[in-house]
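Read through the structures below before going on.
Heads up, the next two complexes both have chain A, just with different partners, chain B and then chain C.
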Partner chain A sequence: MSECTTINESKRPRRGLRFYASIYRKILVQDLKSKMSYRADFVISTIGMIMTNLSGFVTFLILFKNFPSINGWDYHHMLFLYGFSLIALTPVQCFFDNNWNLRFQVQSGDFIKYCFRPINVFFYFMSEVFDVKGLGQLAFGIGTLVYAWVNIGIPVTPWVIVKLVLFLLTASLFMIAIMNAAAATCFWIIGSGYVMVIMFRFKDFAKYPSNIFHGVFRILFTFVIPIAFVAYYPSLAILESDNIPVLTWCAPALGLLFFYLSYKFWMLGVKKYDFTGS
Partner chain B sequence: MENAIVMKNVCKEFKILNRHEGLKGSIRDLFSRDYKTIEAVKDVSLEIARGEIIGYLGPNGAGKSTTIKMMTGVLEPTSGEILVNGLVPYKERKKNSEHIGVVFGQRSQLWWSLPLIESFKLLRDIYMVPQKDYEEMLELYRSLVDIEPILHKPVRQMSLGQRTLSDILAAFLHNPPIVFLDEPTIGLDVSMKDKIRSLIAGLNEQKNTTVILTTHDMGDVDALCKRIVIIDEGKKIYDNDIEHLKSYFGSYRTLRMRLADDTWEERLIDESREDVMDVIMKKQKEQKIKDIQLQEISTEEVIKKIYEGGNRS
Partner chain C sequence: MNMRRHLALTRAGIMESLQYRLSTAVTLFANLIYLVLVYFLWKAIYDSAGTDVVNGMTFTDTMIYLILATALFNFLEMFVVWDMSRSIQSGKIILDLLKPMKFREYTFWSYSGGHVIQFVLTFIPTFIVVMIVTHGAINMGVNLLYFIVATIFALIVNFNMEMIVATICLYTESTWGINIVKETVVLLLSGASIPLAFFPEAMRKIVDYLPFRAVYDIPLTILLQKDGTDTIKGVLPMYGLQLAWIVILTICGTLFWKHAVRKITVNGG
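Presenting the complex of A and B:
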């Protein structure tokens, strides 16, 4: 009597990368369709993003008209770093923006809905929001990078392009990981909003060469909160021709590791959370 | 009889930090290991057969949601065993999710900005429902309820009733053997309640779906459930047919009388012992009664009665 009958598992295909990619694409298409129908919202948020970037850029220009070089980095190198960081920050903005809503959903109890589907909770949660504003930032970043690139006179070879793509991906993994970890603190603490805001502010330091920081801050931004990996170390792979630091070469592996750890931390939060309240 | 769900001696404890008052207290809390344990579910055993509709009742905070969260694999029981469709839900959450449907506490699980039909298509892909089965299910839906007006409407533009209806349809879409419905009719008007009840009954009948229904609405229970389980303070206190329960709440009524000074006096009357009219007459001799109301006893009161009377199942 106390036996519980098992459902016959018919031979279903496993849910692999291809499955998740196709689900993500379908959600994205639907999401964009519905976003287009709110045209005013779309236009205003795009303008807002451009203005934000523009004001950051102008501040940057003023700074560099007055200090033509910082620690051996001239204007165009700084610009390169700036563009590099903008591109590297695009994936976190576009694909992982729902992290900002995590704490509200967890506190209100709405988060529980992500646990009822036969798919990965992290994927399901992140797939719900695609932030179009990131695209404006991407365009801005590419423009800046190309301008700096031409002025520095870096030769365009297939190897450089491969390095560029690889290290841009690496850099973005670090920022994604930082935001995942910051957002996941909401499973344990109430004031996780501050943690996220602080981490998000830290990204501004990514625009500067980390060798201007000294002592504690250098260690902090390299090994504790790896902001230096969001632009500085990866970009050296392109900017430097021969004496590329070891940390740059380690960056892709470290990025993957850091992303994986942040994902595990996020999922641990889901597992440990009590989901109190009905 | 085939069982869909088996629970054996299931307990769930939560550890809650004992918070202290004031700034000093907050600082102390930061380092404190002073936890207090709350037992949300205490030693509950339960067997639910395939195709049953179970009314799972209990006052707020009784442990209903916690039980359901354990059955759906969101929470891990502190001790005891749970098998849902032969799976241990917490260990195989994703696999378990394939074979259950959940509508939880008035929180829509559909994509807020998408028209319902697009949500359905996404769910079809997520659950890998074959196209033929999917179309058959939509046909069944059409035969049970008028879905055309909501099919192309974004969920955010729907009324509460339409949203609840959509969520229930979405929960049944992959034809799961078990569906959990948490207060599906809360806040709905009478005709919508009726629509939803007959939809649930129809789907249960057509697909032999096991339904676990938590509710505070005795109308839901009357319309759908043969068997009810009541828990209070984490303990199972009643598990039997609804007919059996009716003998409890059928004989109790609440009499409310508005007295001369416009205050309401409430009295619970056991009709097997005293007559409502007698009580009113007696009171009227003492003072003037301006108005009276007679109320059927609420679920909470039945539960209270059963609880006071001990487990008689």
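Presenting the complex of A and C:
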């Protein structure tokens, strides 16, 4: 399987962003068309997604009915964090959902088709699925965030909005990186779906302030499995605007780094697949 | 009823699960990390609360409850819904229907081996770690025996719920959606995401009479000897509730399945 490597890495002409955007649009339309043919499934899945969010919200309400605050974070600040995490988790849900299919495709050998296209394998693979259900989560997240925002009384200035967008994008990079890396394990371990399931479960802890962790575990959940960056550190840029911690300022760079590393790891898997599959 | 046939299925299940040793090891390891997350979260919550006991649950109780709920979740997890939709797509279900055993019975026993392995390889180690971390806060007495019986009942209730959901999928042809609804509802209303003791009074009253409670809350309540379950007098009503749900769900599930099985359409073959 040397063709794959050759086409993708040496002879490929450099393509601009516009080229990739137009390809993405075309693939996206196909995906949506095929989804619309299973309308019942689409409706039920959307309901399922809303239920998941509602249940998370109910858990949250029950928790705060019993306990007034967590580590100095009151109800509205926690809601802010919750909404922030929901929005930050939307890109991974919408654009990178195909990661969940990776292991089946690798195992069955269907993955090879991605290697034969003269475009970036990672891009092509991810562009195949756009998960519409993620938009429900986005709406839920925005609603929660706005509600918390108004109740805390954060002033709305252009600078704050810029910061919000920047740090939301940053936060989303971390979750994408985690899921990419988790999915890519399937290139080495057969049936590694449980790695993804576990990582996906850890994300439930992103909505709590990470200063609850101590010692080694704080380092683990900050730099190894970076769930502390999925909501906590980025949201401090808005919540603690007078006293922003250094790690928050590092977050954008770190996010790019994590994303880049996960991408490299993923592509390393593809390369390994080239050598074994035939 | 010939027990040998059933145990043969259990044995096959055990051997099959042993093929996935790595998966079991990772699950166990993940449970331990999860244990750490739950520990820190609830420690912070209880520290902020200022009191040691909230709604009759101490920090240690809550910890044990939630960790073992996760361990029970791994142990009880069945992929009936996924397996059934896959075997309908591939047509394999025809072979299972032709087996000289009722389909529900066959499904139950073929999963039993996996349960045995999961219990030994993930539940027991997690239990031991919890024992060590909480310095033996779990009472080692007859409550363990009550707990095991309750867990077996929980397993049967869970199986029945899975089968009913899988049967619904035959009609809707939507596996992911139905499954996520089921999972969400069960995890919330069974106490796996937050102990039922924390639920507001009104909600509690409704949840108490739903079948979900029989899966996680009842075994764990019995283990922790809460709600007067420290005597057999307190345990019996819990068993009664579980058994009632087993009977109801088995009857509904069987009838529903009988109706649905005529509807199955397998393409190709």
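The rule we apply is simple: the second predicted complex is superposed on the first by the 256 of 278 C-alpha atoms of A that agree within 3 Å, B and C clash if a C-alpha of one lies under 4 Å from a C-alpha of the other, contacts with A are read in each partner's own complex, and residues count from 1 in each chain.
Note that in this section a residue touches a chain if its C-beta (ideal position, glycine included) is under 8 Å from a C-beta of that chain, and two chains touch if they have at least 3 such contacts.
Just so it is clear, the model here is predicted, and its values are computed rather than measured.
Asker: Which of the two partners, first being chain B and second being chain C, lies in contact with A:201: first, second, both, or neither?
Answerer: second
Asker: Check whether A:28 is in contact with chain B, with chain C, with both or with neither, and answer first, second, both or neither.
Answerer: neither
Asker: On the A-aligned overlay, A:70 touches which partner chain: chain B = first, chain C = second, or both, or neither?
Answerer: second
Asker: With the two structures laid over each other on chain A, which partner does A:48 touch: chain B (first), chain C (second), both, or neither?
Answerer: second
Asker: Which partner does A:160 contact after superposing on A: first (chain B), second (chain C), both, neither?
Answerer: A:160: touches no partner chain.
Asker: Intersection of chain A residues contacting chain B with those contacting chain C?
Answerer: None.
Asker: Which stretch or stretches of chain B touch chain A in the complex?
Answerer: That would be residues 1-6, 8, 14, 47, 50, 60, 64-65, 69, 72-75, 83-87, 93-95, 97-100, 102, 104-105, 107-109, 111, 113-114, 118, 121-122, 125-128, 154, 177, 182 of chain B.
Asker: Quick check: in the complex, which residue numbers of chain C touch chain A?
Answerer: 20, 22-23, 26-27, 30, 33-34, 36-37, 40-41, 43-45, 47-49, 54-55, 172-174, 176-181, 184-185, 187-188, 193-194, 198-200, 203
Asker: What part of chain A is in contact with chain B in the complex they form?
Answerer: Interface residues on chain A, with respect to chain B: 1-7, 12-13, 22-23, 26-27, 30-31, 34-35, 109-110, 112-113, 115-120, 128, 274-278.
Asker: Can you name the residues of chain A that touch chain C in the complex?
Answerer: Touching chain C from chain A are residues 38, 40-41, 43-49, 51-52, 55, 58-59, 62-63, 65-72, 189, 191, 194-195, 198, 201-202, 205, 208-209, 212-214, 217, 221.
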